[in-house]
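Two complexes follow with chain A in common, the first pairing it with chain B and the second with chain C.
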Partner chain A sequence: MKQFNYTIKDEVGIHARPAGMLAKTAKGFQSEILIEKDGRSVNATKLMMLMGMGIKCGDTVTVTVTGADEEAATSAMQAFFAANL
Partner chain B sequence: MLKFTGKGVYGAIAVGRASVFFQKKKAKIRRTGIADVEAEFARVEAAKEKATQQLSEIYEKALREVGETNAQIFEIHMMMLEDEDYNESIRNIIETQLVNAEYAISLTANNFSSMFAAMDDAYMQARAADVKDISDRLITCMTADCEKTIHSDQPSIICNDDLTPSETVLLDKEKILAFVTAYGSSNSHTAILARTMNIPAVIGVGEEFLSNIKDGDMIAVDGFTGEVFIDPDQQTLEQMECKQKEAREKKELLKRLKGKENITLDGQKINIYANISGVEDLGAVLANDAGGIGLFRSEFLYLEGTDFPTEQQQFEAYKKVLVSMAGKKVIIRTLDIGADKKVDYFDLGEEENPALGLRAIRICLTRPEIFKTQLRALFRASVFGRLGIMFPMITSVSELEKILEICSEVKCELQEGGIEFSNDIEIGIMIETPAAALISEKLAPMVDFFSVGTNDLIQYTLACDRQNPRLESFCDTHHEAVLRLISLSAENAHKAGAWIGICGELAADTSLTEAFLKMGIDELSVSPSFVLKLRNTVRNIDLRS
Partner chain C sequence: MLPIALLPVAGLLLGIGSSFTNPTTLEAYHLTNIIKEGGILYTILDIMSKTGSIVFDNLALLFAMGVAIGMAKKEKEVAALSGAISYLIMNTAISTLISAKGGVEAMAANTTTSVLGITTLQMGVFGGIIVGLGVAALHNRFYKIQLPQVLSFFGGTRFVPIVCSIVYLIVGVAMFFIWPVVQSGIAALGQLVLESGYAGTWIYGIIERALIPFGLHHVFYMPFWQTELGGSLLIDGVAIAGAQNIFFAELASKSTEVFSVSATRFMSGKFPFMIFGLPAAALAMYKAARPEKKKLVGGLLLSAALTSMLTGITEPLEFTFLFVAPAMYVVHCILAGLSYMLMHIFNVGVGMTFSGGAIDLTLFGILQGNAKTNWIWIVIVGAVYAVVYYFVFYFMIKKFNYKTPGREADNEETKLYTRQDLNERKASEKASEKSGTDSVSALILKGLGGKANLADLDCCATRLRITVNDPSLVDDGLLKQSGASGVIHKGQGVQIIYGPRVSVIKSNLEDYMESPEAEAAPVEKAEERPAAGAAATLTAPMQGTVVALEKVEDEAFSSEVLGKGVAIEPTEGKLYAPCDGRVEMVFDTHHAVNLVSREGCEILLHIGIDTVKLGGKYFEAHVQDGAEVRKGDLLISFDLEGIKGEGYKVTTPMVICNTDDYTSIETVAQGEITAGERILEIK
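== the complex of A and B ==
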């Protein structure tokens, strides 16, 4: 299991477009990727639920990656968050 | 008996059964029990596939036209369709409640969209609409086939909220006694069609009508007064019959004017031509003794099919009209698609403001291959009669130069191919934008004739959307600005040796006939059923007085 925290810098937070891209990226890995905020967590492949979290600018999320390709998945997620959110 | 009042757009009477269509369009999703869960799953999958296909086409197109950032929403829609929770919810509802897929989808849509709607972020609240949108698309993909066309087996009175031009085109015209619509203005497509078909139409009767009318109700429509009666009583029926008889007699009187000249008491002549929307209107043109065809709306060739009409199909239609008119002038307007006339296969996309959008000649100049096909068909047909070609929505000299250049190219190609065409094709343009009227002095020397499209000219001059019935009080069709633009165009046409006609709805307005004669308008082109009425008006005008 690998984990990292990230504070959202994008003005509108995880809105439809980045949520869509995030879900797409997450689907590319076998590992389970969970996004957690304030005790609620959701699988990163679940677009609607992810959008439903209402993650905004300034919120800190915890990303937890568990699975066979967790190394690669984690670096991909870190890169994704840094580039898009 | 219930009475509703709207605006009558063609003076005639009809009594018959109602055919109500709006309910079908906005049908509520019904909950029905099912036995075969797997079959229902399969329906969802099939609809999903179709919806994804549609979305990917929309996405590709949006990508080309509005860029990736704006196109992405359609990609998100596709992803939403694949969303695990969304799909699981649909399957769960089908499986546990043993209900139809449509119901399961609409329930799922409600649940998810209320989740978004309840969020404290305006942006996320707006996503509720996306969920609804994809769900509606899914449901439509399951049921679309039975929805597309409006059918009625017996002659009936079409009652609707409003008809889109493509719906209007798909109607079986033999089976329509009258139109009644809740919305729409007298310039709407339905209204124009009713005038062409000589059947009564009452538009803008209001929403309340929709909640009171049922399929099969007996209704009486008075196109003179704009009154519509549901379940008319005996007295009303008698009145209707009486009015109908009067109208028929008046029509008979007008028939006596057949074969007479269009000449004022003091000897000024004017040509009265007919507007047609298709080959099937030719009978009415000849029966009403029109001197020619002042406007053949060629876009009907495009609206009827599911793909572009071929050169040969167009050629056959144009040839038929030219042959039937036996040497009388036939003016064919090149395609005027766009604005309120939409055709799916043109892939025009949504526009914020379609009346000011990519329409008519703008499509032709953007996609010259479509334009050239039509021009080739027109030129080839020209040997069968007296052809005039006119181009809609002109706003500048450079557009016209471009058009004439394309015409020359097409002629060269035909010549090289050894294909015959006439040397006396008249070329004209529509004056339907204030811009064209104001620079008519420069445009006139480049053409043989002008034809004023008053509907658009009024809309663009007065900034009044012709589809919006609430603007009718602001939309003074006799506005001095409009009349001055027409007068200016007439003056400039004549200075350059060109002739000028009017083919819009205003041409049939007999309260303006005298004014038009004074401006020196050479031709008025109206619905076939107005030709003789207009002749009667002209023959009673004395310009000396």
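== the complex of A and C ==
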């Protein structure tokens, strides 16, 4: 299991488009990727749940990656967050 | 630590048997008529004594095998065999070197012994332990080894006894040179003790206890008991050397008025802590056990405590806390040393055959009379020791939360000897760490349709041979990703060709399948392909013109990253529910809404492109999160012209977020459309 925290810098947070891209990225890996905020956690591949988190600018999320390709998945997630959010 | 479980029984046999076959004892109690050498009773006692003794005599061999079994991760029987062989080889190597040097006479006195008929160095149980540990390490390293094709017969587990034999041949040679140094170190300690009075007795006691875990206490105290190191005395005109010899000579002599404490100071100290102290410690462990485990633990601790009390065999009890709470053992050593010193100070002159149990106390203390032995001090000091041991142990267990028997986590078996527990726990931790990174095994298992799909797993020289329950679940692509050069299907049989390294792959896969992760894998798979969502029909959420999704000027929608669907270029600023369902979430900027239809279809309705940037301006939500809606209910109203005036497009995509759950999402309308008309068919 690998884990990292990220504080959202994009001013409109995780709305539809970034959520879609995030889910797409997450689907590319075998590992289970969980996005957690304030004790609520959703699977990153579940687009609607992800949007439902209402993650905004300044929120800190915890990303937990568990699975066979967790190394690769984690770096991909980190890169994604840094580039898009 | 399998062999230790045998010790209480062996100890009882030896204790009772040897006490009543000791000619001195028999004479002293005028039992020579009842228990006669050659008589039935004597023979029975002698058998008890000798069968008990054989276990102790060969404890080193039992440890060589037992430790190897306990520490080996897999294929434990091979480790046991290797342990036995290695022990024999090591001692034989030493033996040969001893004869080369000129036999036992050429060695320092009391440094050699006979093990299984092999004349070798006196290494005690320690000899067995170094074999056991080394063999286990070699075994865990090599039991999966692959040798070149020509030698492949000797690969895998067959390689283990071979490599162990060679290694221990070398260890034996090395020990011949190293061990005498260790022995002289122990002897030097003995000299120190002898020369330093009460304090020396205390140190003697501490060292004797501290050597118990290594089984080297015999090496330490035997010289005191049997040689000049323990003093020499003229008894009835005969010079006697060694503490125990002096005691028994005095016991046999009619002229003895008081037993020489200068001799018994190396023995009497055992009684207080063996009869009183340690059983009280057992009671403390029992009291500290969790209520539901007390019954189980009670039996284990009681038998260990009784063994200690009666025969003075303390290892079963000491080993229960030695490994889980070494600090308690340190306290025990100090108290035990103190016990020797107190007995010395109070002039207690009680000897023993081999240890300080109630049997020996009765025979050599109580029955000799207090005038000769001062045995009453054993009971007085013992009573204090019981209290001290009880409270000290109880306090330490509670304070430091030691996992003594009956205090283990729920999933652990309650055992008297906890070293194996520890080893197994470590092994399983390691195994799961390993499988955490064992992506090849994970891939193979996934490719085979999960653990539940596997009926049988085997391998030949180059192929993994698997019988699966459902051949249709096998994914050749994944299997090839795992490094296979080919996959062959034959009915329910699957052969995956890896080449000669297949046996290692198989072992890894077997390890992996025992890890919890393998259980989780098929569940994950089930999640990935749920039964296709129930069919649903969506109606147009607004009035306007139908626009194909790929024409929407936003890549997130046009590339279908967010899911398949359709879009509408609205002519009226009103968004209606396209079906019956529940509002999952209204975006706080009110420009979009998530809806879940009754059938489970997850719908995103998104008014305009990039309109998130308007921050809610021009939008008004008419529903709240969690609201149940009917088809045609007004969800959001918006100012069409206002949005356009800010330079944003109002094209409104309606996409299915869980597109993966469906086989087809088809747009069934085009051109002008009115809210409520059929627009998407989802299957």
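Rule of thumb we're sticking to: the second predicted complex is superposed on the first by the 85 of 85 C-alpha atoms of A that agree within 3 Å, B and C clash if a C-alpha of one lies under 4 Å from a C-alpha of the other, contacts with A are read in each partner's own complex, and residues count from 1 in each chain.
Operating definition for what follows: a residue touches a chain if its C-beta (ideal position, glycine included) is under 8 Å from a C-beta of that chain, and two chains touch if they have at least 3 such contacts.
This structure is a prediction, so every number in the text was calculated from the model and none was measured.
J.: Looking at the overlay, does A:65 come into contact with chain B only (first), chain C only (second), both, or neither?
T.: After superposing on A, A:65 lies clear of both chain B and chain C.
J.: Contacts for A:20 in the overlay, against chain B (first) and chain C (second): which applies, first, second, both or neither?
T.: Both: A:20 reaches chain B and chain C.
J.: With the two structures laid over each other on chain A, which partner does A:32 touch: chain B (first), chain C (second), both, or neither?
T.: In the superposition, A:32 touches chain C alone.
J.: List the residues of chain A that touch chain B in one complex and chain C in the other.
T.: In chain A, positions 12, 15-17, 19-20, 23-24, 47-48, 51-52, 54, 56 sit in both the chain B and chain C interfaces.
J.: Of all residues in chain A, which touch chain B in the complex?
T.: Against chain B, chain A makes touches at 12-13, 15-17, 19-20, 23-24, 43, 45-49, 51-52, 54, 56.
J.: Tell me, which parts of chain A touch chain C in their complex?
T.: By the definition above, chain A touches chain C via 12, 15-17, 19-21, 23-24, 30, 32, 47-48, 51-52, 54, 56, 67-69.
J.: Under the definition above, what is the set of chain B residues touching chain A in their complex?
T.: For chain B paired with chain A, touching residues are 69, 72-73, 75-76, 79-80, 82-86, 112, 115-116, 119-121, 123-124, 127, 130-131.
J.: Chain A touches which residues of chain C in the complex?
T.: My answer: residues 439, 442-443, 446, 524, 554, 556, 561-563, 584-585, 587-589, 592, 594, 596, 602, 604, 606, 612-613, 657-658.
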